[in-house]
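By written order: A, B, C, D, E and F. Residues from 1 in each chain.
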Amino acid sequence: MSPRQVFPALSLHAQALQCGRGGTVLGRPVDLAVAPGTALLLRGPNGAGKTTLLLTLAGVVEPLEGNFALRGWDPDEGPVLHFCGHRNAVKPRLSVRENLQFWAQVNGGGGLAVPQALEQVGLDMLANLDAGYLSAGQGRRLALARLLVSPRPLWLLDEPTAALDRDGHALVGRLIDGQLDAGGLVIAATHDAIALAGPGRATTLTLERAP
Amino acid sequence: MSPRQVFPALSLHAQALQCGRGGTVLGRPVDLAVAPGTALLLRGPNGAGKTTLLLTLAGVVEPLEGNFALRGWDPDEGPVLHFCGHRNAVKPRLSVRENLQFWAQVNGGGGLAVPQALEQVGLDMLANLDAGYLSAGQGRRLALARLLVSPRPLWLLDEPTAALDRDGHALVGRLIDGQLDAGGLVIAATHDAIALAGPGRATTLTLERAP
Amino acid sequence: MIDLGPHALFIVSAYCGVALVVAALIGWTLLDARRTERRLADLEARGIRRRSAGPAA
Amino acid sequence: MNAFGATLARDLRLALRGGGDVLTLVLFFVIVGVVVPFAVGPDQALLARLAPGMIWIAAFLSMLLGLDRLFRPDHEDGTLLLLRQADLPLPAIVAAKLVAHWLLAALPLLLASPLLALLLSMDLASFWRTLLSLAVGTPALAAFGAIGASITVGIGRGGLLAPILIAPLSVPVLIFGVGAIPAGPGPDQSGSALLFLAAISLIACATAPFAAALAINAGED
Amino acid sequence: MNAFGATLARDLRLALRGGGDVLTLVLFFVIVGVVVPFAVGPDQALLARLAPGMIWIAAFLSMLLGLDRLFRPDHEDGTLLLLRQADLPLPAIVAAKLVAHWLLAALPLLLASPLLALLLSMDLASFWRTLLSLAVGTPALAAFGAIGASITVGIGRGGLLAPILIAPLSVPVLIFGVGAIPAGPGPDQSGSALLFLAAISLIACATAPFAAALAINAGED
Amino acid sequence: MSAMTVVSAPKQRWWNRIAHPGQFVAWTRPLLWPLVLCTALLFAVGLWFAFFNSPQDYQMGDTVRIMYVHVPTAWLSQFVYATMAVSALGSLVWRHPLADVAMKAAAPLGASFTALALFTGSLWGRPTWGTFWEWDGRMTSTLVLLFIYLGIIALWRAFDDQLRGARVIAVFTLVGAVNIPIIKFSVDWWSTLHQPASVFRADGPRMPGSILTPLFVMFFAFTFLFITLQLKSMHTEIKRRRVMSLERRAVQGAADA
């Protein structure tokens, strides 16, 4: 894949950002600076606050202290990010295709068409299956397909490789590479190694449990 | 840990066991023979049927063809197995301790005491926390603690390392080793490497997707 | 005490009810305050301070 | 299809494929009609007089029953979290869900009301009037319900709380709803009651999506 | 504590945690009673006549409200799957959950019924009778509800079946329940209605755990 | 830099420094004792008037004395809700922690006063109207108000993240605030439709001064009681929050040990 700039140059900056849950402080304040076309990998033990940091950046949890900003994005342009969390947001009783179609419509589409996205994540043969029957890894793949149908500059991924097989690990690497190639940003919390195309594309931030 | 036989010598045998879901055949028929004190690791791509095989062995899903038997166990002695699936069966609103206590009572206890089990899995400091607040990995650890409070000879583990950090991977290895030392059986579906004490303790069965 | 007439029972029970509830309200407020203060003192005795108050953690 | 339509269609589809929910509400609605005659005795005139009130009570309670399904499943599987990042602002999405809720929880009751009217020996004129007042009033019930459901969605233990919060707020709907059905002799104020009902419905439906979106943004994670 | 007690205690604890839910259940029941006069009008004699039916409907509704929590949460988080491997046979666990359900969904109603009787201007004699018929009849409602809930969970997507199965069973309970309260003039058959009610309750409670366990075991996971 | 949005933790602005929870406790604590004295004095005077220095009503006899507790509690049941609604606005718009605290502290007080208004009202109703309960507009809307209060209390107990809870509850409080006039109006309208408005009502202005004096004194007494209790509960609530955050830190501290 050759780099092609699709998104406006966007960068994420955080100063002394202290996250927490329900008033409980988690870990130390962090400083972040994620440049366009690069990824940040969050690591750290269970309960360190990786998910909480991602939720904070997504605007769902309020930071306890400090602040962060997304430079180069006008809020009027619409939502800037995709969040892909522990829960897959896959609806049983709708088929795999219907699930993805729904998200394409709600998130505005503009990326890959639904069948292509399903093919990318290896679910093309299951498009008509009730999504409630998907195996754990297949459900995860469907959640990843959502990232492809509506392009957004910032991806917040929480353990994207969870439940995926070896092939799936490679898939996640490829998807992230594609997003970085397009000039997007990726922040991913993960316990697994994620292999990206270039060595300098990703920086790692290790969170520690509260001091 | 030195081997100490706790469970009666038990072995699992399956002949031409064909699993499937809702009438759909998954993979090829398998033959299994798991001897006391050994583990079987199930591998294979997403959707290959690992979870289905485990559910079949647990008696939840009916096999399409073939049969399996547990030699050396009298059904009157009570339930023989622990199933640890994708879902953690952790109740929000109950504290971590209460969750585990409930399972100790319902499954008959007889193993580690609740505080010791929590310490084993690294949750001793969170014993009083509402289990709904646990992070993904912490929830998984609580699910694993359940295996310790009521000893049962056969463990069926579905991706036990999911959401766990590096430390947690080692923990799973230790738990499985302990169970094998006691003469138990472990059948685990996993995408990760699981490091056990001895090289000959585990055999691997790779499932393929249906042809 | 003055004569309250034929409906004394209603008047007295109205005032008693009000007195009871007001007393309970005051009692509960004080009790709650006392309990919370004790917990706070307990925690401070154990050397737990707020971030800003204590030495940097 | 745009995002609004997609949300609406999805909610309808999910409910209709699951099947049971709609039917439960209708059954409950009809059961009220079956039980009341037993309580009141076989006095047809009395039954007919009670009928509008009973139908409204049945509708009111049935709509409370379906409330928990409005946001909770979406919250639990993570969908609601993602909907907050959708292209469409959250109030619009809530509005779509509100419409779906009305179609699933109120429309079937309107369709089932002839049965109830029959069981309660209503005459045709007041049946039509009841139908009209239900049609005008149930949107307000749905809107209040959406507010209650959004407030309790962030609470793990909130299941039963929403009906409690909403029932007192919905009292005016019930009063005007019953009032909009002319009741025997005396001065007929049912016209103005219907107007009030319509006003409440309009205001409630116009503001509920914003209030509910506010509550979801503040309370859910 | 044994496994039966543990299951019972857990269900109670889950429902009561935070203290809100006791209040919530009682409030809900009372609110139903408060809402009825709004629909029917503030005519005390009429209200008193309607009261038994309304109280029974309120009880039925509250029990329906709580039904979805009987097995679904346990099914969704995987607990039910593990309970099938518990030391205790599944019917015993279902029985424990049934007892918890009755304690949570019916007992508070019995305790709150004096308030409702007051609001609906019931006289003392028929209040006692209502209390008795509720105490005798609610176990049957709980048992039938448990069967319905287990079928819904076991089939996974078969929500359709539960209400259809439950309605024909529950309606007689409601009718006998209301019938067990002597209603004004006419021949008094309330005694035999109460006996029927007791018989239904006994049979239902004795068989429901087995039927429900069967339905759960039939579910794939 | 073209366009950016900064998301930061809520900041304390200079103008709300006196309303900072810690500061608030500090500067209102000296007010407590004077308030207590004031309240006690007002009650003493009011009760003296009520029992010894006010006449029987020509129609209601001595039962008019119930009015001196009934009307103040009934008034407070509404005033407290108004306090809560204003706090809710403060909590939603300015996100002020003190508004959250005020909102939470007021709810049980308001519920108690509402319950008292109902209780005294029905005790008054028995001798005057012959029944404890009548589905009259005022009584009914007060009952509904009680349910709204109880709902709010239940909500507070259900949320364990009080910060998150405060904003959600504020939404509900405001929805209720808009709705209460509608409820009042609808209920009045409803009961006049079904039954003739025959019940006796003493109109405030037409009351003789000898009844008005104790009424006013009691009225102020109850209002001061509310202010005192509200202040004390707010102090407690502020402390409770501190306790909760310290306890969480204690757990975390133990986790490292």
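By definition in this document, a residue touches a chain if its C-beta (ideal position, glycine included) is under 8 Å from a C-beta of that chain, and two chains touch if they have at least 3 such contacts.
No experiment lies behind these values; they were computed from the predicted model shown.
> Figure out the least number of contact steps between subunit C and subunit F, where 1 means they touch directly.
Counted as steps through touching chains, the separation is 1.
> Please indicate which chain is farthest from subunit F, where distance is taken between mean Cα coordinates of the chains.
Relative to subunit F, the chain whose C-alpha centre sits farthest away is B.
> Across the interfaces A-D and E-F, which one involves more C-beta pairs in contact?
When the contacts at A-D and E-F are counted, A-D has more.
> Tell me, please, which chain's centre (mean of its C-alpha atoms) is farthest from the centre of subunit D?
Between subunit D and every other chain, the largest centroid distance is to B.
> Whole-Å distance, subunit B centre to subunit F centre, using C-alpha means?
Roughly 56 Å separates the two chain centres.
> Find the geometric centre of each of subunit C and subunit D from their Cα atoms only, then give the gap between the two centres in Å, rounded to an integer.
From the centre of subunit C to the centre of subunit D is 41 Å.
> Report, in whole Å, the distance between the mean C-alpha point of subunit B and the mean C-alpha point of subunit C.
53
> Check each residue of subunit C and list the ones that touch at least two other chains.
Within subunit C, no residue contacts more than one other chain.
> Which subunit B residues touch at least two other chains?
Within subunit B, the residues that touch at least two other chains are 21-22, 86, 93, 126.
> Among the residues of subunit E, which ones contact at least 2 other chains?
17-18, 20, 24, 27, 31, 34, 38, 41, 76, 157
> Show me the residue ranges of subunit D that touch subunit F in the complex, using the header's touch definition.
Residues 147, 151-152, 154-155, 157-158, 161, 164-165, 167-169, 171-172, 175-176, 179, 186, 189, 196, 200, 211, 214-215, 218-219, 221 of subunit D touch subunit F in their complex.
> Which residues of subunit F touch subunit E once you look at their complex with the stated criterion?
131-136, 140, 143-144, 147, 150-151, 153-155, 157-158, 160, 190-191, 194-195
> Please give the residue numbers of subunit B that touch subunit D in the complex, ascending.
Touching subunit D: residues 92-93, 132 of subunit B.
> Under the definition above, what is the set of subunit A residues touching subunit B in their complex?
21-22, 44-47, 51, 86, 122, 126, 133-138, 140-141, 159, 162-168, 191-192
> What part of subunit E is in contact with subunit D in the complex they form?
Per the stated touch rule, the residues are 17-18, 20-21, 24-25, 27-28, 31-32, 34-36, 38-41, 46, 49-50, 52-54, 56-57, 60-61, 64-66, 68-69, 76, 152, 157-164, 167, 170-171, 174-175, 178-179, 183-184, 186.
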